[in-house]
Amino acid sequence: MINLQGIIPPLPTSFHENEKLYLEKIRENIGSLLKHEITGIVVLGSNGEFVLLSEGEKEKIYATAREAIPPGKLMIAGTGGQSTLETIRLTRLAARQEADAALVLNPFYYKGMMTPEVLIRHYHDVAEASTIPIIIYNMPSNSGVDMNASTILRIASHPNIIGIKDSDGNIVKMGEVIRKGKDDFQVLAGSAGFLLPALVIGARGGIMALANIFPRKCIEIMQNFKEDNLDNARKIQQSIIPLNTAITKRWGIPALKAAMDHLGLYGGPVRRPLMALDEKKKEMLLRLLDTFREYY
Amino acid sequence: MINLQGIIPPLPTSFHENEKLYLEKIRENIGSLLKHEITGIVVLGSNGEFVLLSEGEKEKIYATAREAIPPGKLMIAGTGGQSTLETIRLTRLAARQEADAALVLNPFYYKGMMTPEVLIRHYHDVAEASTIPIIIYNMPSNSGVDMNASTILRIASHPNIIGIKDSDGNIVKMGEVIRKGKDDFQVLAGSAGFLLPALVIGARGGIMALANIFPRKCIEIMQNFKEDNLDNARKIQQSIIPLNTAITKRWGIPALKAAMDHLGLYGGPVRRPLMALDEKKKEMLLRLLDTFREYY
Amino acid sequence: MINLQGIIPPLPTSFHENEKLYLEKIRENIGSLLKHEITGIVVLGSNGEFVLLSEGEKEKIYATAREAIPPGKLMIAGTGGQSTLETIRLTRLAARQEADAALVLNPFYYKGMMTPEVLIRHYHDVAEASTIPIIIYNMPSNSGVDMNASTILRIASHPNIIGIKDSDGNIVKMGEVIRKGKDDFQVLAGSAGFLLPALVIGARGGIMALANIFPRKCIEIMQNFKEDNLDNARKIQQSIIPLNTAITKRWGIPALKAAMDHLGLYGGPVRRPLMALDEKKKEMLLRLLDTFREYY
Amino acid sequence: MINLQGIIPPLPTSFHENEKLYLEKIRENIGSLLKHEITGIVVLGSNGEFVLLSEGEKEKIYATAREAIPPGKLMIAGTGGQSTLETIRLTRLAARQEADAALVLNPFYYKGMMTPEVLIRHYHDVAEASTIPIIIYNMPSNSGVDMNASTILRIASHPNIIGIKDSDGNIVKMGEVIRKGKDDFQVLAGSAGFLLPALVIGARGGIMALANIFPRKCIEIMQNFKEDNLDNARKIQQSIIPLNTAITKRWGIPALKAAMDHLGLYGGPVRRPLMALDEKKKEMLLRLLDTFREYY
């Protein structure tokens, strides 16, 4: 059984100025992240602009990431697609590139038809067809479909489904999934904004954008929590909220990439239709970042 | 400065079968609750069916509650209305009946016009006109208006506004309000479903429907948290979620009242348009309740 | 059977600068409107700030309106409240003041409990208790509760429920209600923005804010439609959309009142928490209004 | 300039039982539809399950459709993708297969980042790169992004953008786009549920699922409208609403395909995750269909 405990950054995808993949920089960014005590890395999550990439590009990224991530660290591959066939195909591509697990966003375009039955069959078909374990990915603010506790629990009944990244921030739902889920079902916070509350209710860790730029601080929240230093954990947790809001809700990937550029990683351009931050917002962001100097 | 720390049940309003107020039973229910180590009682919150009562009825309830609640325990009165004038009038009625504080839901009918400016002026006008301190009440699932952290913080800048009951369950927002709010600003969880996560992020306690039937368990979560027994706190927190969901989200006030009847308190009928639980749902609820026998 | 066919302005409520009722101005505004071929007038609809008024104030407005509206023209009274008791009480007050019909918004605060059964029983209880006919009022953008066609049809099965004002703009739902409703069920558009499309699908007319300032133009749409001058009807319909959007969705009652002041009617102040338009918006509004000079 | 006036069915994509493309059946269905006075056919709209298909499959469908659709009838190709690059690539594939126009759904996954600026640049980049004209496709109930009138008008300022399919049913917005749009901008209703109201406000016709099974009735609405037989038009319009609701909102593509099978066309299976109607729903649908016997 794969152990997801800890902090796992969902890596942005690096592009050249002409929007082509910049695999070299993906490799370098992974190298920088691995200097920290992270559990592994997700490629092709929402922060990885996965919906903007072709299947061929995804395969290259799986391969690049696996080369850069040593066996002791997890390589988790985003493989969700709108059709069951596409999701199976991508999951198999990832398995062939030796991903440790697949992070599978639910299909969502036909919202009115995404009944529990449809979602459960989809996940179970994918889990059956996959040689690597599946992590559910619930991301209602992007997908517009919010899987409730009961649906998640029914999906999780398949032995090849080992956990969930929940980006919704609904702590009550998390608590219910943790309590009723199978013993080894692993719940991960999907955003640094609620890491500590998630841990306190039983989550194992988190897959969070902020871990790309401040992995150390995310790890410190976990360590303080484990050592019962709740006051310290709370202080760090509260302190990162404004920055986390900026790079997730308010400005998103362009802000995350601008922050990475500022901190000596490679952020680079976003792929269209996404747009770089305008100068004014970028300045606000960098000013905000500079108040976190001691976090680098 | 009034100290809101601890558990505060928001009392349902008791009616006779003919929908008339049953003040005697309100008094008795308060008496039963006061046997527990609660901090105080809210009358005329959402669970108190406050929108279904006339101004005259509200005044009677303020008076009845104050008689039944001794000085050492807080009597908090729901006084929010759609107009600033009505809210001021109700708050003054409550003050005349010696309420310790007023819990003020924001106006919300004209959603499109409820800009931050409008909401801030409303709360500041009420706070100015009131001799008792004001607690903000954010309840987006009923009101359809969700005040964000920035608006709440600007409202809280008035010295006569001392805290907030947030029923939204957005832990990230709570964390931001706690961090940026004035030092003595008191954040309370608005539902038992996220009490422990709220405490861990800095909340002082909670105003929660479940405290009407299981005050002891809510208090135990707080005590275990204070004594750093996080595992115990988590176990209780997780265990109460299904029941809490039943009496808040799924079935609401009719379920809360049916549970109270079952546990030897007075629940009694709801006022129309609300409807009693049908027999099938009631049976499901009581079966669920009976799994919590040791919590009474 | 009361005939609702035609254009019916929902009158704003006039206030003095100190927020007190200004009944004289209500009377004068009614006088001005009655110079046009309108079918009647609604008092205490959403534009009448009905949620900001006490029961005593509502009674005075019913009386004032009835004095000012001659028997040949309809006086329709908004009487919806959150409780069934309050709604019955207000409807009887209106009947005693000789209102021709009551416009009843559904209760909505306890959104999760507003099942079809609850809503149907509420309306049927009110219809039973009322000596004057009831018009359903569906206003989801304010109430947050959207009654669907099936619920509306079941409510409409009561003989004392004669029509609906639907402010939702869902033309498909309107068509379904018209087709399946009893023969004499009268559907009215709730906004000037979709008057012509509503007429073409079988609506009888409309209760619309814009009719307070441009009654003549609303009436012309109806007349052109009746006389099969669809091109003219369409031209007027299209032309009024921007102004209608400004005084309904974008800026609401403060804009409607500012427009009335500009056109020689009495708009006057709004009641708090509502705020007057700031100078910039007011200027934009008046500039927009001046492009409609020939409509006065 | 391509003339979109009239009725245009958005063809479902035919699959074998093993989910593989069944191009033969696509050809046959097109042949059946072309017996009616339709203006053309859309392939790979929402009803065409376009998000469930690979790029290679899409190309085959473009080619198959063009072969089956003679030059006098429009072949419109759905080419929208999440990235600008993918959308351009698909649009060029469609152009190479001699599509007459491309129907382009907006990108929508990163909802918070889909500002007017982002959407306008996306559409203009696609329009610049395309040799065939672009039709905007607004489908908020699936995409979760609703482009407002102002954004649509700014997108439409590009000379290679000739129209919009609006599936939202917001008649007020349609009226505003028609009034303020360039003279030759062509607005099409995106559902049969509001075809007549859309025509009366100035729309040119519609792209609507129902036209796959009842093209004759959709055409009759248009003809009656053109000949000023509004009563007839209204009768047909009202009559089709329940069936249209069933195959669009309530049950969607599986219902449309079941209906096609029942009427002698090829519906066939849906692709996973979509699920066939269960027996009970299918029976309800066919019973409903049988009340429309005279419409075949």
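Per-chain numbering from 1; labels A, B, C and D assigned in written order.
The rule we apply is simple: a residue touches a chain if its C-beta (ideal position, glycine included) is under 8 Å from a C-beta of that chain, and two chains touch if they have at least 3 such contacts.
Source: prediction; values computed, not measured.
The chain with its Cα centroid farthest from the Cα centroid of chain B is D. Averaged C-alpha coordinates put the centre of chain B at 49 Å from the centre of chain D.
The distance from the centre of chain C to the centre of chain D, with each centre set as the mean of the Cα atoms, comes to 36 Å. Shown for chain D are the residues that touch two or more other chains, of which there are none. Every pair of chains that touch is listed here: A-B, A-D, B-C, C-D.
Here chain C touches chain D in the complex through residues 169-172, 175-176, 178-179, 191, 193-194, 196-198, 200-202, 228, 230, 233-234, 237-239, 241-242, 244-245, going by the rule given at the top.
On the side of chain B, the complex with chain C involves touching residues 19, 46, 51-55, 82-86, 107, 109-115, 117-119, 121-122, 125, 141-144, 249-250, 252-254, 271-275.
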